[in-house]
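The two complexes that follow have chain A in common; it is paired with chain B in the first and with chain C in the second.
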Partner chain A sequence: MNRFTWQSALFLAPATITLLLFAYWPLLQDVWLSFHSWNMVSPTMKFVGLQNYLQLLSSDELIKILLNTVLYILVLVCVNFILPYLLSFIIAHRLNRFSFFYRSALFIPSTVSLAVASILFLWILNPLAGPLNIILSAIGLESPRWFKESGLVIIIIGLIIGWKVFGYNLILLAAAMVDVPKELIEAARLENVSNWQLFRRIIVPMTSSTALYVFVITVVFGLQYVLVPVNMLTQGGPDQGSTNLVYIVYQYGFVFFQTGKASAFAILTMLIYALFLIVKTKVLDKKVHYEN
Partner chain B sequence: MKINSYRDWYWHILLLFAVVIQLWPLLFMLSTSFKTMDQIFLSTLNPLPAKPVIDNYLYVLKNLPLIQYIVNTLLIASSITLAKIITSILAGFAFVYYDFSHKEKLFNTLLLTFFIPITVVMMPNYLFISKLGLLNTPWGVILPQLADGMGIFLMRQSMRNIPKPLLEAGRLENASPWVILTRIILPLIKPSVIAMGIVFFINSWNDYFWPLLILHDKPTYTLPLALQMFISAEGGSEWGIAMAVAMLTALPPLLLYLTCQRFIMNTFMQSGVKG
Partner chain C sequence: MKKITQLVALLCIGAFTIAALGCGNSQNASSKTPSKVMIEYWHVNAESFGGPSVKQLVEQFNKENPDIEVVEKYNPDMYKGLTQNLQAAMASGKNPDVVQMGYSYLNYAGENLKYASIPDIITKLSPEDNTYLQDNFLPNVLALATTDDGKQIGLPYSVSVPVLYYNPDVFKQAGLDPNQPPRTWQQVTQYAKTIKEKTGIMGFFMQEYADNWAQQALIESNGGQILAKKDGRTMAGFDTPEASEAYQVLADMVKNGDGLHATNEEAFQAFLSGKIGMVCTTIGKRDNFEKSAKFTVMATQFPSFEGKTRKLPAGGNLLMIFSQDPDKQKAAWRFVKFLESPGALALWSKGTGYLPPRKGVTEDPQGLKDFAEQNKNMQVAMSQMPEVVKWASFPGANGLQAEQALIDVRDIILSGKQSAADALKQAAAKINSML
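Moving on to the complex of A and B:
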């Protein structure tokens, strides 16, 4: 091994400087901004201490924001974690043929921009002339106004994101499935173990570290993806029915120009993320040791 | 291992159902973009328009600075891709080739940026970019994205898989680190560099949110931003035109994936993106 020299510093510098400057430094600035009251343009900034945080924690909005966020995450965990987990098992171990076809076909939507997905589903879900409405009315159902009903709107947005991300997570999980020794599965089959038992007793323990990773990115990135459809389709509406922990930062920062409150929400998000990652690391250290 | 074929037909039905859900919206986008306004509203569900027309595409070409949007998107996406590839290779190399104190700590610090959400960094970064006078320029979009935590992770991972004797050989001949990196390492990890580059390119091409904050003037828009113009308060009615722009935005990443898919899949399967 070569010792650290000015040479190695040169190799590290471009990435390190960029990431410190545009990822960690803003984090500190957020803390600073969250203790001040400011509107982004005024030359003076007023120090207000913890006031932004107190307002945030005592506001009526907070419950709605957290509920929307939880509901949205639940949809994502179902569509982008549980479903691809089960399907990747079927594709990798229950089929004789076509598994490459399924993997490639199901992956295709994940190459599509969320902006494209948003406008596409705006048309598909159009309550007057959209195709889904036509299908629904053909079987005698009335199409709800998908983006106008509180409670429904955040689920629909979750499903749009789910449609896009599903294939990507499926591929990651399928890669882990392939690593499970065929002999194990063959042995289980000879003993007439049911598919569900096979999945629970063999597949889950042997793929748990990838599964945990996919679970984490489902939540961590899923929360960020929500910005695009919410901004394009609802702007947080109706009546803040589709706003959430991530979009609210944008709303306060760039719509209401209250940087203090925006930063306070950003710091809150970061704390939740950090907590989540710490729990993930702990689980990884303790429980997940079968793989590799 | 053979699974009895007669028993797996119901899995195929289930999976085909999933394929239809995943692909039908895209086929629908394709067919709508070739329909006239009448066909869009009268035969909405018909996947094959009786007389496909390219009017929507012609309209877009004539009435939007479409070429400008494509150039903007291409410039931003390729610059970010190239920069991320270079910085990731250099940093990944340093982590494999050199030994220094707090190496793991520095690596984890850089990797963790992968998990810092955009909402946390967007306001300070926006203020910084505007201070630099880079609002409304592609450079304002590119500058904060010159490096990538996950890229460093992937490059370190592939360089670790290179047999040690190969690196030792270079060292014994007194080759400089630069020569070892470019002559020995890069040729060996070329497949993972290309696969990583494709993923970077697709992601930056598709990016919507950061460009939205930086680019306000219409001539500076990227394709995903241009889509926003077709959403009116009423939900709009020019669906044919909107779908044509959506098609043009979706096509390059889609073609890139379809031409390189075996390659991307294999790299995915082998490198094992594991947390």
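Moving on to the complex of A and C:
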């Protein structure tokens, strides 16, 4: 089975070469950059050794950035994983009618670009002139300054990303839900099993492989999506209240033109992602039921 | 199968030959007949911010100069975005020719970007313009495009000053006289309070762009400063009582609920739909405000502090040339001269609200004479020209990061987390360790 053949190597080559050239080579370059001080234009690059890493690890902003990142993950997992998971169960198994309508209606927002969604939310949430404020003031409440309150700003940006991701995740999860054999569910019904038991004992184990995949992309892609709304709406503000591991790389690289520190942050980000994926493989994968 | 392979090979060879021939032909053509010189013009003017004027000017120039083709390119996210794109383009060896550069990036650009010096271009390629700079620009205006080490890196093009816009309808509703707008910051505070109390409408907003331009005007008009020179080194100069006192005026208004702390876009939307009484921002927004608002937008001079001289940083941009090739340099210089001509400047001012940097445009009948007489808001801005000073920019490789630290401080002060004095002191220490 493991026989090496030229044909198979040839078939693998396009994918392998592209991957090496566009994923691993830039990664190596990034490591190299992180040991230098360079502003992207200057013809001379100064070698500074570990200085970028030392500055990064000793700075006050690191704690804030990591904390924000964790907050983002919590919001994103709630909005884009837990919520669509529950909804997809309802759509696939508890709804008898209109399930097609709900699926399409909930999917449509993910075709809208994040930039458009950002502008839309900026208008909806305008603390003085936006529609939400009109509703709030009608019931005697004052609209918060959504994009200027630390904490709140992360929730709002998480919701904007939800526009992009929610519908797609919902469709993936709904597909997995539909795949759960009807016989199993009907058998359970005959035994008078409660909805919660049905969900807990049958649906969760049977959909665990898709759920894990959705969970991983929610975290990994979700954090990257943060860049667009943050860059458009807050530029990391208020007082770095909406920055995170991904935006800070962009800010150091393309706002401050300090590529060395940006690369160091990028490496740190990658290590954290790697840690996340190791935990996923070692711990979560074991609890997952793969059909094949 | 074999035949198909041969056919494909044949087609490839054919395509290469045609491509090669094509190249040869175009080279021949360019050496025989003088072809058009293509130059690229980079600007920051979105559709709502003078974009149509840029297109009109470029079109006019291309029509009048058949031997030059100017291509305009819009860069989003203002000068920060433009500088980013510029550095990326230069890193890959494809630089634009004429570029709008923000005044706050003056020293950074002088130190870090490989520009073509306009005085050098004049001496080498266009000696007939030897006295152009001195003849047409006031020395203090030319100084806006001169770096700290005395290099003239470009020509001042757009000049903007902060003014106070207000909504006369809101003033009337609050029982205030629109013809008696506030003159001092003390009055602004009172007016904002009156507006909020009488109408429930938000009183005041000062722009919160990703820079500290308007805040510099506030601090320096109270006798404070952004930068200070100590032993030949440039340091943060805003940890003084004057600076924190000025900033505190703003913070107190927000704290009392009479002033707004929000993103710029949100506040402008709100002002245009009549939900804010006064907005302090650039005269560059005049045209956009006048056209988009449902009420008559009025403007008055930037408020002062009792008994103190106003100091208003010049916002806007200078034109820099980045061409390396002499032909392109010459074309770029001609384009710059066109943009700086009274007629073009008049069109530019009308389309954006920027003030003309050049002498005599406001008196020139071809220039802005009629317009200045008609538009009161424009007159207000022009009356502030003698008080214009340089926009502070932090020097060195960490300059842009230092600017960000001062932007972060604005959020800290306006959210009321710390007093202006404490926050500015901490920021000054942080910035000094960076510089």
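In this text, the second predicted complex is superposed on the first by the 267 of 292 C-alpha atoms of A that agree within 3 Å, B and C clash if a C-alpha of one lies under 4 Å from a C-alpha of the other, contacts with A are read in each partner's own complex, and residues count from 1 in each chain.
By definition in this document, a residue touches a chain if its C-beta (ideal position, glycine included) is under 8 Å from a C-beta of that chain, and two chains touch if they have at least 3 such contacts.
Treat the numbers as computed from the prediction; the structure is a model and nothing was measured.
Trainee: In the superposed arrangement, which partner chain does A:Phe254 touch: chain B (first), chain C (second), both, or neither?
Mentor: both
Trainee: Given the touch rule stated above, what does A:Lys148 touch, chain B (first), chain C (second), both, or neither?
Mentor: Second partner only, chain C.
Trainee: Applying the touch criterion given at the start, work out whether A:Asn126 contacts chain B, chain C, both or neither, answering first, second, both or neither.
Mentor: both
Trainee: After the superposition on A, what does A:Thr111 contact: first (chain B), second (chain C), both or neither?
Mentor: Touch partner of A:Thr111: chain B, not chain C.
Trainee: For A:Leu67, is the partner it touches chain B (first), chain C (second), both, or none of the two (neither)?
Mentor: In the superposition, A:Leu67 contacts neither chain B nor chain C.
Trainee: In the superposed model, which partner reaches more residues of chain A, chain B or chain C?
Mentor: B
Trainee: Looking at A:Asn39, would you say it contacts chain B, chain C, both, or neither? Reply first, second, both or neither.
Mentor: second
Trainee: In the overlay, answer first, second, both or neither for which of chain B and chain C A:Gln224 touches.
Mentor: After superposing on A, A:Gln224 lies in contact with chain B but is clear of chain C.
Trainee: Just checking: does A:Leu233 make contact with chain B only, chain C only, both, or neither of them? Give me first, second, both or neither.
Mentor: After superposition on chain A, A:Leu233 lies in contact with both partners, chain B and chain C.
Trainee: Starting from the residues of chain A touching chain B, keep only those that also touch chain C in the other complex, and list them.
Mentor: 40, 122-123, 126, 129-130, 233, 254
Trainee: Across the complex, what residues on chain C touch chain A?
Mentor: Touching chain A from chain C are residues 80, 84, 87-88, 90-91, 112-114, 202, 210, 260-263, 265-267, 269-270, 273, 275-276, 397-398, 400-401, 404, 407-409, 411-412, 414-415, 417.
Trainee: Please give the residue numbers of chain A that touch chain B in the complex, ascending.
Mentor: Answer in residue numbers: 1-5, 7-8, 11-12, 14-16, 18-19, 22-27, 29-30, 33, 40, 87, 90-91, 94-96, 98, 100, 102-109, 111-116, 118-124, 126, 129-131, 134-135, 163, 166-167, 171-172, 174-176, 178-179, 182, 185-186, 189, 209-210, 212-213, 216, 220, 223-224, 227-228, 231-233, 246, 249-250, 253-254, 259, 262-263, 265-267, 269-270, 273, 277, 280, 284, 291.
Trainee: Can you list the chain B residues touching chain A in their complex?
Mentor: 1-3, 5, 8, 11-12, 14-15, 18-19, 21-23, 25-26, 28-29, 32, 40-41, 44-45, 86-88, 90-91, 93-94, 97-101, 106, 109-110, 112-113, 115-128, 143-149, 152, 177, 202, 205-209, 212-213, 223-225, 227-228, 230-231, 235-236, 239, 242-243, 246, 249-250, 253-254, 256-257, 261, 265, 268-269, 272-275
Trainee: Which of the residues in chain A end up touching chain C in this complex?
Mentor: My answer: residues 37, 39-42, 122-123, 125-130, 145, 147-149, 233-235, 237-241, 251, 254-258.
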